[in-house]
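In what comes next, chain A is part of two complexes: it sits with chain B in the first one and with chain C in the second one.
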Partner chain A sequence: MNNIHFPVYTLLLLLATAVVIPIIGKESFSRLKTLMMVTLPASWLLSVMTFLKVNQEGGFVYNFGNWSEKIGIQFIIDEFSALMSLFILTVSFFVILYSLKDIEHEIDPDQFSGYYTLIFILLFSMVGITFSNDLFNMYVFMEILSLTSCSIISIKRKKDNYMAALRYLVLNTIGSLSVLLGMALLYMVTGHLNVTEAARNIAEIYQLYPTNLLLAVGFMVTGMGIKAAVFPLHIWLPDAHSSAPTPSSALLSGIVVKVYIFTIIKILFKLLGIDIVNSLGVPQYITYFAAVGMIMGSVFAIGQKDIKRMLAYSSVAQIGYIFLGLGLASEQGLSAALFHVIAHALMKSALFLSVGAIIYKTGKRDIRELNGIGYEMPITMTVFTVAAFGMIGIPGINGFMSKIYLSFAVLDADKPVFLVIILISSFLNAFYYLPIVISAFLRENKERKSIMALEKIPRGMLIPMVCFALASIIMGFYPQIVMDVIEKAVPTFFLMGN
Partner chain B sequence: MDDLIVKTITRLIVPFIQLYGIFIILHGHISPGGGFSGGAILGSSIILFTLSYGLERASKKVPHKISAILESAGILWYIFIGLIGIALGGTFLANQDSGFFMGEAGRILSAGMIPLLTVAIGIKVASTMVTLFHTIIEED
Partner chain C sequence: MDFLEIVILLWLPALVIFFGLLEALIIPLLGDNHRFARRLSVNGFILFTTILIMMTFNQVKEAPIVYEFGNVFGMGIFFKIDLLNFILMVFAGIIFMVASIYSLEDIKQKDRERTFYFFFIISYVATIGTLMAGDLLSFFLFFEVMTFSSYALMVHYRGDSVLEAGNVYIYMGIIGGLCILSGIVLLSAYTQSYEWTNLAVKFSTMGPIKYIIGALFITGFGIKAGMVPFHFWMPKIYRESPISVNAISSGILTKVGAYGILRVATIIFSVGTAEASTSGIVLWATSQNIGFVLIWLGIITMVVGVFLALLEGNMKRMLAYHSVSQMGYIIMGIGVAAYLGFKGATGFSGSIYHMINHGFFKALLFMVAGVVYLNTKEMDMYKLGGLWKVMPFAAVVALIAALGITGMPGFNGFASKSILHHAIIEAYKYGHPSFEYAEIIFKVVSAGTVCSFLKFFGFIFLGKCPEKYKKLKPRYPRMALAMGILATFVVLIGIRPDFVLNTFIVPAVLSFTYDPAFVSEHLVGLNFWNSKDIMGMVYVYGLGAIIFTIGVKFHLFHKHLPNWLNAERFIYRPVTQFCEEFPNMCVQKYEKPMILGDVVIYVTLLTVVLGLLVNSGF
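Presenting the complex of A and B:
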């Protein structure tokens, strides 16, 4: 029952769903719901099977059309990509489950089929990037991903959305082109687009063309940096993530930016290899930007009045954590970064979805108007509180564990100054998350008495939120469940000379 | 645009443009061009028709619903052809290994599944161009 074609089936199922939706979904939303609730769990199951197979028998490569990897397209299904595709599909399943109810408040009914087509193409391209072992294929999937995210941001037909989408489009086009230029420079000297093939003779090339290689890496990391919103290149993110419909904010902030980080990891550690990357000095610079981002993202978040904008700025800070782990260029650092990728996706989805529920119910987006909301919507605010505590780093929630791992990795790399920055950033996180929690539960609302009420949110929205919060708590108490898998995946990046 | 000369010329020229587009699509595997360029030519013939005869008559010729279905069908057809490769024992999009008719290089009936794929791409591109153009002028 377990064969090598499952990753391809996952991808094709998502693509086929995306193109079938416009045909059948125009008339009735319920038929569209049924279709999605069949195909999405099916592709999730396929990725679970892939994940189990890889964990039992080890990774494998998949050549399209039986062409050899020198001329053909290749997928690599190893521990890393199997885990990450499973993670992408799991998070997006819950977010899409939530969106089925919430989306009725966000966009016009005639746009539903278009919206879900875009969401499925988004998932398709994310899974594609994760599996792809071919530089140009990665670029193609990245371009699909950027264009669909842009349309998802602009779907609401408001002035803010068009502004945000235009800004996103311009900056991400610069990013895409810079990535493409980097890949071209690399192809020029290696002669291969396949990552494994190019990695084979990269040491020799580094002797011959060090400047070319540095330039290529610089272009690629900067381009991905724009797309992944590393600190000075983040300016498109707050607008885009705060003006998009809430479920897509959760998707964009939880997993879309992470996919670009996976690509950076692949290029830095799989293609170039740790030795060359270290001698080029790339990781060192990444840590500097990450450290500045961790502080500045939080500082900007403190000043925000709109709660979704605040969450978006918080994403900038959290991406700093991931890049810090990545920039340490050690096994512990990369494990901590990947752990935080998963932890942040769970927490940020829980935050965005609970904020979406507040907007759904009360229409309030301003932080100052949230007094006493904890009594009106107890479950939603509990979810928000759990996730916010995770962001701050209260023990027992996964955010704390990822900070612990990151701190140990920093100490292990003998760079204690970053530990201070992690601590300052945690305090800054507390600075903007705690006031919301305090005002929600402890302040009196002028219009409404603080009496505990029953939640009046549809169950389809409540369950995904609670699942994310529960997953965060479980991951906080038993981090080994996730860490064991990550620790299996990380060494594949540090095997050189294969 | 209500002009007799334009209408007459369009009526004369559209079949030839379409024939040329189909030629390019079908010769995709042995000559320059292929699914995308042939599809673009086919699509532009419909766009020319829309420009000279107006949206009303054009959407009778190519209804919105039909072009939307063709768009999806192009991709589904491509996926289906690729899956044949898996069903016959190769990998996705496997051509010769899964026993497609290879024929003699340079003939129309050769190269296995590639002509079938260019047809899929041609349908997809042509219908996408028509749908895009019609949507844009509808909103105007």
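Presenting the complex of A and C:
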């Protein structure tokens, strides 16, 4: 029943759906919905099976067509990639469920099939990146990902969107080229594109070509940094996230950015190995950028008037947390980072979806106009409140646990300065999330009396939001559910060095 | 009965939390047509849980009851009922119940009553949870829930000025929470301990980090307890919030902050029972230093609170400043307990005793102020007078409460104040000579309190009654019931001060690391009615009366502090102003250029690569 081809089937299913959608979706949207609601759970189920298999029997390597890894394409399905692909599909399932209703509001009906084709290609490329074990395929998937995310931003046919998409395209191309340059430099010294082979080679030749390796890592990390929106490189993100349709924003902020982080993790710890990375001093640099990002992302978020833009800047700050954990280059730090990847995806999706629901219902985007909205849309605002409290770090919600894990990792690495930065950043988070919650529930709206009403948001939009909020709370009280799996996955990165 | 006991023993915290959540779910469902049922269910729930908690007394006396809940927060949490938090939990139940009776008339807006009771129940459950928590993480969980739910109660009246005051409360609460969180993280990172246990042995080998941990905890809890210089949120928010919420907050919520300080100073920094009898002074050094700081913090809090209260004309703000001042007594008691270490039992019991007593009379005073305000719509006590004819019952309970807070023998304040007084004398006798001055300040502050309540009672209930209030026919049966209950407690404890001490507090003291010989000498069978203490009180009253006469004669009470002395200006304003202005400046000045400047990307890229090159010594 459970066989090793499942990961590939997942990919193929996603790709096939993307191909079929334009054919059948042109005529009726309802058929398209049915198709998606069949194939997406199916691929999700496949990834669950893969995840269970990997957890029971350990990871394995999949060679396409049984070609040897030197010339063929290779997937590596270990605890990490199985967990992350499951995570990608779970989050995107709920977001797509939400989008079925919301998208009618955002784009023209004749674009539906195009939009979902792009979404499925996006999913395909994300799952592809997490599985692929050679640099070249990673690069190819990354390019697909960049292009599709660019087009799901620009789908709205407005000037803002075109500007944002163009900027995204230009900057991501710089990033891609820089990554490509890095990969070429690596290929020059190792002669391999396969990660495992190259890693073996690098360990041997590290003494011979340190500069070469250094340049390669520098280019790759910076290139990925652009795509993952590390602080001074984040400049494409606020425009893109705030102008894109809500489901796209949730996907971009929740998972697309994270995929690049997985790639950085792979490159740093799988390809180079912890020892070499440490002797090159890369993690140290990452922590500096992360710390600046944690503070400045929040600072910029406080100054925003548009609520979606504010959420986008908040993402920049939260990515800082993830990079901080990553840059500690310890098992604890990496676990904290991965935990926060998942926690942030849940919270930020909940935030984006609830904000999307507010825009869907009232069309209001300005923070100052949200007075009394909590009475108009109680469930939506409750979801928003839960997620916002998670961002602030109120115990009982997963954001708190990731803060705790991160703080322990920071202290374990003997860098207490970062603890101060985490605390300041939490306070700043409170400073821009709380006023919204307060004005939503406690301020009077001039147009409408503050009487609690049941909201008229379609159920298809409500359920995903509530699921995200519930998942955040469950994960906040029982972090072990996720942490156990992460703790299994993380050591695989640290075995390579020895 | 046996079955009941087993249920209680196994599941008490789960029961409280479960029924609390159930109650919180029921309240929104009961529509406005069922207001009676809603109120009844609130009172019933609190009564029920309090009785459940009280039934555990016999077991708690023998050994603390521990409840474990595995897997929550990863490492599992547990609840622990020992004698210390048992007293406070029962006390919390009483205060919440009385406040809920009082709120029946206080909270009258129909549409928001539901919200009020919803957060009321959540605050109650969170308070019980905070007290019951055996480990720091669950403590922090409930503490934060308490902060947020009490915020919702505080801003019940809405409106811009209320929300602005609420912002001070909630942001201070968040800062305090973050301080506590960092304290917890540091503590568990350096000592691998999440519990309220004695860690002095581990601390003795550590560097200055232990003082940072202590400072973080004391700051965090001090914000909640209204310790100077973090006291400014109290008068600000108390003025804007409903009376019943003031009563709860002053009665129990600030006490939770003091309870936190107590746990940290006298348990975490204290030596375990096993080592206490054998080892020397070395282990107590940390505790002693922290106690020294705490005593002076407490003294400063007392002085500042009472001084500001004397200058205040608004009833609620005056009572708020008195809360600050009385928290100073409690913090001082905790300080003595930590300072004297093995011999600190007097300070320890005095501070617990004063927590309870202060809760009773301060809640009562707020309720009196509420009755006066609701009937006259006047907060400024200088504009009132002669109300004892109009509302005799309120005047009587106000007198009882005022006698309680000033420490008149026969009322409850006397008992705890004389224990605290003994404590500060002991600190001077066994410790540093500078505490001689502390003792003098203690007396002066008590005199200031006397003066302040002469003012309170005199200006409101005595003197000439303004014409417009003469025809008032106030009716406040439920409020009277609530006030009557509290007044009864004030008098009962005052008449038999040794009952509470010997039944609850002395066993609690003995279960912690204190010298049993010392306890039996100084606390057990303590005679409250000795001439020395009573004469001391006579002096204090005399001094208070003198201050009052001088103050009235020279119109000192109408003076106002210069604005630059306001603590809010030093601590809260700069932070919030910076947090508001700096981002706006960043956004206005740098957002556009940053987004438009692709140069940033290239510069960063080059910096990273060059930096790495330089770093590797290329």
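Note that the second predicted complex is superposed on the first by the 496 of 498 C-alpha atoms of A that agree within 3 Å, B and C clash if a C-alpha of one lies under 4 Å from a C-alpha of the other, contacts with A are read in each partner's own complex, and residues count from 1 in each chain.
Everything below uses one rule, namely that a contact is a pair of C-beta atoms (placed from the backbone, for glycine too) under 8 Å apart; a residue touches a chain by one contact, two chains touch by 3 or more.
No experiment lies behind these values; they were computed from the predicted model shown.
> Scan A:Q480 for contacts with chain B and chain C and give back first, second, both or neither.
second
> Should A:L233 be classified as contacting the first partner (chain B), the second (chain C), both, or neither?
A:L233 contacts chain C only, not chain B.
> For A:I255, is the partner it touches chain B (first), chain C (second), both, or none of the two (neither)?
Touch status of A:I255: no partner.
> Touch check for A:H5: first (chain B), second (chain C), both, or neither?
A:H5 sits against chain B, while chain C stays out of touch.
> Looking at chain A, which partner touches more of its residues: chain C or chain B?
C
> Between chain B (first) and chain C (second), which does A:Y285 come into contact with in this model arrangement: first, second, both, or neither?
Only chain C; A:Y285 stays clear of chain B.
> In the superposed arrangement, which partner chain does A:L419 touch: chain B (first), chain C (second), both, or neither?
In the superposition, A:L419 contacts chain C only.
> Given the complex with chain C, which residues does chain A contribute to the contact?
167, 170-171, 174, 178, 210-211, 214-215, 217-219, 221-222, 225-226, 232-233, 235, 238-239, 280-282, 284-285, 296, 299-304, 389, 392-396, 401, 403-404, 407-408, 411-412, 416, 419, 423, 426-428, 430-431, 434, 438, 442-444, 450-451, 477-480, 483
> What residues on chain B touch chain A, complex-wise?
68-69, 71-72, 75-76, 79, 82-83, 85-86, 90-97
> Which residues, counting only chain A, touch chain B once they are in their complex?
5, 8, 12, 15-16, 19-20, 22-23, 62-66
> Which of the residues in chain C end up touching chain A in this complex?
Interface residues on the chain C side: 71-74, 111, 137, 140-141, 144-145, 148, 155, 158, 163, 166-167, 170-171, 174-175, 178, 181-182, 185-186, 188-190, 579-580, 582-584, 586-588, 591, 594-595, 597-598, 600-601, 604-605, 608-609, 611-613, 615-616, 618.
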